[in-house]
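The chains carry the letters A, B, C and D, assigned in the order they are written, with residues numbered from 1 in each.
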Amino acid sequence: MDNLIALLVAAPLLGAAVLLCGGRRLDAVGHWIGTVLASASFVIGAILFADMLGKDEEHRAIGQHLFSWIPVEGFQADVAFQLDQLSMTFVLLITGVGSLIHVYSIGYMEHDERRRRFFGYLNLFLAAMLLLVLADNYLLLYVGWEGVGLASYLLIGFWQHKPSAATAAKKAFLVNRVGDMGLSIAIMLMFTTFGTFAFGPVLEATGETGEGKLTAIGLMLLLAACGKSAQVPLQSWLGDAMEGPTPVSALIHAATMVTAGVYLIVRSGEIFNAAPDAQLVTTVVGAVTLLFGAIVGCAKDDIKKALAGSTMSQIGYMILAAGLGPIGYVFAIMHLVTHGFFKAGLFLGAGSVMHGMNDEVDMRKYGGLRKHMPVTFVTFGLGYLAIIGFPGLSGFFSKDKIIEAAFAKGGTEGWILGSVALLGAAITAFYMTRVMLMTFFGEKRWQPDEKGNEPHPHESPRSMTIPMIVLAFGSVFAGGFFGIGDRFLHWLEPVTEHAHGHPPIGATAITLSTVTVMIVGVGLAYLQYGRRPVPVVAPRGSLLTRAARRDLLQDDFNHVVLVRGGEHLTRSLVYVDHTLVDGVVNGTAASMGGLSGRLRKLQNGYARSYAVSMFGGAAILIAATLLMRAV
Amino acid sequence: MNPVNYLYLAALLFTIGASGVLIRRNAIVVFMCIELMLNACNLAFVAFSRMHGNLDGQIIAFFTMVVAAAEVVVGLAIIVSLFRSRHSASVDDASLMKL
Amino acid sequence: MSFPLLTATAALPAIGAIATAAVPAARRTAAKWLALLVSLATLALAVIVLVRFDPDGDRYQLTESHSWIKDFGVRYELGVDGIAVALIALTALLIPFVILAGWHDADPLETHSSRWRPTQGFFALILAVEAMVIISFEATDVFLFYIFFEAMLIPMYFLIGGFGDRAHAGSDEHAAAQRSYAAVKFLLYNLAGGLIMLAAVIGLYVVAGNFSLQEIAEARANGSLDMATNTERWLFLGFFFAFAVKAPLWPLHTWLPNAMGESTAPVAVLITAVVDKVGTFAMLRFCLQLFPEASKWATPAILVLALISIIYGALLAVGQRDIKRLVAYASISHFGFIIMGIFAMTSQGQSGATLYMVNHGISTAALMLVAGFLITRRGSRLIADYGGVQKVAPVLAGTFLIGSLATLSLPGLAPFVSEFLVLIGTFARYPVIGIIATFGIVLAALYTLVLYQRTMTGPVKPEVSAMPDLKVRELVVVAPLIALLIFLGVYPKPLTDIVNPAVKQTMSDVHKKDPKPEVEAAK
Amino acid sequence: MSTTAVHSLWTTAADPIQKIDAPNIEYGQLAPTLIVIGAAVIGILVEAFVPRRSRYYVQVFVSVVALAAAFAAVVALAASGYGTTKAGIAAMGAVAVDGPALFLQGVILLAGVLGVFTFAERRLDPVAHGNRVDSFAAQAASVPGSDSEKAAVKAGFTTTEVFPLLLFAIGGMLVFPAANDLLTLFIALEVFSLPLYLLCAVARRKRIMSQEAAVKYFLLGAFASAFTLFGIALLYGYAGSVSYATIAQVVDGTVETVNPALADTMGNDALLLIGAAMVVMGLLFKVGAVPFHMWTPDVYQGAPTPVTGFMAAATKVAAFGALLRLLYVVLPGLRWDWRPVMMGVAVVTMLGGAIVAITQTDIKRLLAYSSIAHAGFILAGVIAMTPDGVSSVLFYLGAYSFVTIGAFAVVTLVRDAGGEATHLSKWAGLGRRSPLVAAVFAVYLLAFAGIPLTSGFAGKFAVFKAAAEGGAGALVVVGVISSAIAAFFYIRVIVLMFFSEPRPEGPTVAVPSPLTMTAIAVGVAVTLVLGVAPQYFLDLAGQAGVFVR
């Protein structure tokens, strides 16, 4: 059984290799190869899952040691996997949603002549992501970590001929690199502290070192998480990442990759448990981001950007939960999974809408689509209900738990975090309702574009609708399945130990308030977008709205401070290198030449002056000799 | 009288000759100055040999004369050929090559 | 007296060089093939060396020792340790690719006179460089090393100055001027370094009485030869200066961008991937072994310089408009890492540095050669002249991307292993420096991806619209390098196994122990 | 002045003149010199009696044979141990026959042979009126451009006197480093100087410059030798003798004063120091050390290139030989006085030569300045004051002389309408037009620059090592710096030859006769051999490194 773990990674990796090296001759079958291998990996995952369920809790975690990777004096890095409940959860999510999205892409990318490569990249992503969650040490995790970064870079920039896409891809990679810096520093700290960076030893030894070290490690891990999971202050890339094909947004930038940060924090739970300060910062980051993303989500007219904002905000919830420590870990993961379902569903829905609308993304040019694409409408609607936390659907269970845990944190912290989470819930309801209304309700607002061809909204092919339906099921029932009877809790508890939080106010009260704020949000949205028609051209809007449209000016900040500043720095350095560093050398050479020129003048061609120099020389010679004797 | 004075004289002559080389333009004169220096040397040799009471110095003086004569032959040959080709015996005119 | 394997490895290309130079002007192609075959044969010999070398055996193996110039106390002493073996293998491996990549770089123009034989010269010079580099890796006699360390400048100099890019932005006159400026700069910098080293070499002789690395190192170790502190430091500086110029270390780096910018891609590879490695290698072998105390004394300063090189080189790479100069500055940054690893004085750092030398050789070769193919197609080195290549020449773009990713040391590719080792090795002893150095990771991503974006993506520029994709010859050059990058990134064990013992030795030379992890230390 | 001395003079006068017994001359040991001088005399007779047509051949034949024979004699002497065990004083103390002497004589003779080859070259200049011409004036006496000269050219005159002159010069040079008393030193100096003055004046092309060179060389040379002579006089005055051995003893104070008159001069160190300084100055002039170097560039440029080549090589060898003997045999007791001074000279010479050379535009002047810089390097070895110092200098001289002759021989090949094209700008792109010649010249330049695997490096290393061991580390540093500076202009020439486009009206490379070819080939061969496997020659120099007193 253990040896199957490697196959999980190997299958999609093989796919990537074949598809990317195969060349044109594979164009015809490329997408099938990709899909088959992805699903193969899912099947393996399922087998392992069944096997795991068969064991009792203590022996569920299994591992596989492939080979020793970097054997150097006093430094052991192995290529070894560990598959415990946590990893298993992710494996199923990744391979499952992944396979679905492969299927979806068959239809979605039908008309793209580079479809084979697209599937190659998707497989590459799966492999890297699985490596990330299966690694049994931080260095190997780092490999997966950067691997998914690469895949996301390739996929965001898949339509490279669009400069915007290429730029977005580069931006994503760079911002992620900043996060990766944090991860690598964390690994170094672990190495110098514990002499290793394998999960087991490190997490066991947390007790043996000071809190300062652990806080440092924790913060560095958090930095990494911020980069990967688009948390403030490293969130800027996610919005632009929507340049990529929609399946990519669904798989990578909603369901799986962006949640890697949460995985990292939960996986390193012991470290954070022992470093309260790090935890506090984590919760703050989560809280800030969940508001930030929500606000941005409210202002965007681009349907994918709006969903991206929502993703940011939802991951904010997870980070917040993860920051809460043992009382939050499980719910973070739970929300992660449910979110994986409904957000992927929402994105696929959006993709299907765009598919029918000539890739139009501006919601102000949609309207009344429910008649034209019923399946999309229904699935999207279910996803919508799930995310706003409509009682009984997935989002309800997971989000509610998180809010509860936030309050349970206790003290003013608890109050603040809890209310922020509540507020977030309200805004979520607002912007999702907005999306819903602008897209599927009201009058049709699309006109023929400048080339005069008017979009003919139509339902998408079955290859696309089926995955949406499946995901819709997930979004409806997953939450209940996990939440009721704390199934999920018991499943994960052995890995991420759990502590029951006791919120100051009763759980029911919290649940009720959650529902109320949700209704409020929906209502507000209805008043603004349901009652009166939506203007095709966006109104100027309030200061906040305008700021929110521009991602709360945070890009502008980056541009001015980092980009401009960097340009100036490099330009001036180029100048310095040329004038100063090089100049010194050339200067000495030149001065040598000048000196030579001057000395040359002495050689004036007159024999008598030569004689003078000889005479003088003789005089000096004699004088010097006598002098030597004198002293 | 004290032979040391001859040494002083020799030194004087030598210096005169040397300064002559430095200041005179005419190649012939310069050359004569050099001869003067050589003769100063002779004087010195003789004076020393007188002081030491051995004959080496005087013998050397003879050698020097012969050498000087040889130098005259060679030197005049060169100077004359130069003079003929550029109609001037000035040392300073011979300054094509410089720097 | 067994077969002198090391001598053969160095002598073969030398003879090949002479033979190639002797090929008559008309038989140009014959010369090319001859050179290629010789380089392959050398590779075979290098492989034999690799196989015959026993990692757990003596420190120096396959040794040869003959009297040479006894008046100077000089012996012809060869021997290889793990580090040397790795680098010899690298050199022998890269040269065939260099030759293949430069296949048409030296075809004579019709303006040349019939007696001028650039092609023969080009390949002969490459082989000559190979021979000298290899023997300077093998030499265990300081003087012998010095001789070839210096002598290899001459062929390099002719390669840089004599064979610039055909396709050069600007007039031909201008190009020639630029080129000879670069060549002279290269030679003068390195010659100056070498001469200062010469003074130190003489000084070493005066102090030690011979040039045998082993004898001196032993004597230093068992204290039978003790240098006055200041003497040792001066000598160390003399040696280090030369190596720092060659490596190159900030602020002695300015010759590299010119040299790499003006010379053809294969020659640029030769410079940065092969020749410069002699500098870093020599730091490990000579500076640390001969002057351990002084090395430790100088470590802080050197680390700071290395750090500056890393950041500075990366920032300047960002600011470049010229593809080759960009790669050059990137290399400066990477050499900063190597030197940092060497002087971090930890096993991880030094193993990392050694791996880095090899990996950087391969990755730069891959990137630079592909860039060369690109440049010869378009006839310009300016980044601004490209755009959208990915659409017309996907394979070229793909290989270029992999080269770039290797340069930014993406995990899974060889450079990551070495870079991470260097970082962690440095961090273990000098945390602050280690952390600052990690910024290099981000900057590396910046300059490589900006380069890729500007050249390969975006709308297709009309000038590149007709650009052909990689030809078979070019694929044959690039594919193996990429395969190697991936292999060494996933499974570097074969390399580390060879290197580790040598590193252990060096560590013991400088009497340094790895810092214990805090937890163990607590126990 | 004490009366005793005066009285002693009378008595010597009064005594009956005791008969002088004939000196015994070890002809065998003097064979090399005698052969060469004899051949020179024969050369004169040839000029007098052999018909003009065949003179050239006879002269060349005689010279070559003589030099070869002389060299054979040197080898024979060395083989029979006169260089080491049987080393001694010959010709009644006038000449020393020991290692350094024989080694340098050997070098000079080989240089002489190559010199004769380059002198005899007749293929380079275009054929004038049906007879081949060499680089010497048809008739030195006739005014350049005058009718008489045209007539001389038409008649096919050639100045075959150069060969005997060369032989005389060589003869003098053979004695110079072997001279064991100051008188012999001075005579030898003149004997090799005078012919050189003449040889400088007889260029076929650019005769005005050649004559100017001759005048400058002559006047300054004579000036210098006057100083030398005065110095000799003072030394004689100090020691009462010109024999090296005696002076050395007096300097060391180990002499038992035979006559009281010596007592008061002996005490007078001013005589000694001034005298020594002046003699040394004369020698420094010959080696072209700063500030006595100024004649070098002009003379090197003006003189016929074959002469320049020979002069540059052989004069340095002879002069340094003499300098070594003087400093190591006569004045070792004075080491502490002259060593610092010589260090100063060495420093300014190394730097001065290197720096001024940077901006030169004429290849011959460039080589002249480089020769000055090299003189500085050699001085560094001289100063070492160790046996290693001696042998390193000997080795350096051997290596250097061949490179120099070869380099100047190459210069003679690059010609345009006006004869040799010595202006650097004309050398542009030579490597493209005739790669082989350019490559050869590049080898020489690299040797000058002291790049490893050339004799230049071995030599430089030897002297620097000696200097460092002799405790002159500072000199090594300066030497290294100035080598770096010097590298710049050698490289400049290489750049010019290989990396710059050839000029359409550029010079052509004449195809020389086997004579010059041998000269060049030998030069290259020696350069490389001494660069790669110098051990044998180092041994030779090492054995030859001991002076006899």
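For the reader, a short list of remarks on this structure follows.
The rule we apply is simple: contacts are C-beta pairs under 8 Å (C-beta built on N, C-alpha and C of every residue); 3 or more make two chains touch, one makes a residue touch a chain.
Not measured: the values here are computed from a predicted model.
Chain closest to the overall centre, judged by the mean of its C-alpha atoms against the mean of all protein C-alpha atoms: C. Across A-B and C-D, the chain pair carrying more C-beta contacts is C-D. Rounded to whole angstrom units, the spacing between the C-alpha centres of subunit A and subunit B is 97. If you average the Cα atoms of subunit C and of subunit D, the two centres end up 46 Å apart. Taking each chain's centre as the average of its CA atoms, subunit A and subunit C sit 37 Å apart. Look at where the CA atoms of subunit B average out and do the same for subunit C: the two points lie 65 Å apart.
For subunit A, the set of residues that touch two or more other chains comprises 589, 600, 603, 605, 607, 611. Residues of subunit C found to touch two or more other chains are 188. Annotation for subunit D: residues touching 2 or more other chains are 215-216, 219, 223, 227, 297-298, 488. Pairs of chains in mutual contact: A-B, A-C, A-D, B-D, C-D. Per the touch definition, subunit D reaches subunit A in the complex via residues 215-216, 219-220, 223-224, 227, 269-270, 273-274, 276-278, 280-281, 285, 290-292, 294-295, 297-298, 336-338, 340-341, 344-345, 352, 355-359, 485, 488. Here subunit A touches subunit B in the complex through residues 600-601, 603-608, 611-612, 615, going by the rule given at the top.
By the touch criterion given at the top, residues 20, 67-75, 79, 139, 142-143, 145-147, 150, 153, 157, 160-161, 163, 165-167, 169-170, 173-174, 177-178, 180-181, 184-185, 187-188, 191-196, 205, 208-209, 213, 566, 569-571, 573-574, 577, 581-582, 585, 589 of subunit A touch subunit C in their complex.
Taken together, the subunit B residues at the contact with subunit A in this complex read 18, 21-23, 25, 30, 91-92, 94-99. Contacts from subunit A toward subunit D in the complex involve residues 589, 592-593, 595-597, 599-600, 602-603, 605, 607, 609-611, 613-614, 616-618, 620-622, 624-626, 628-629.
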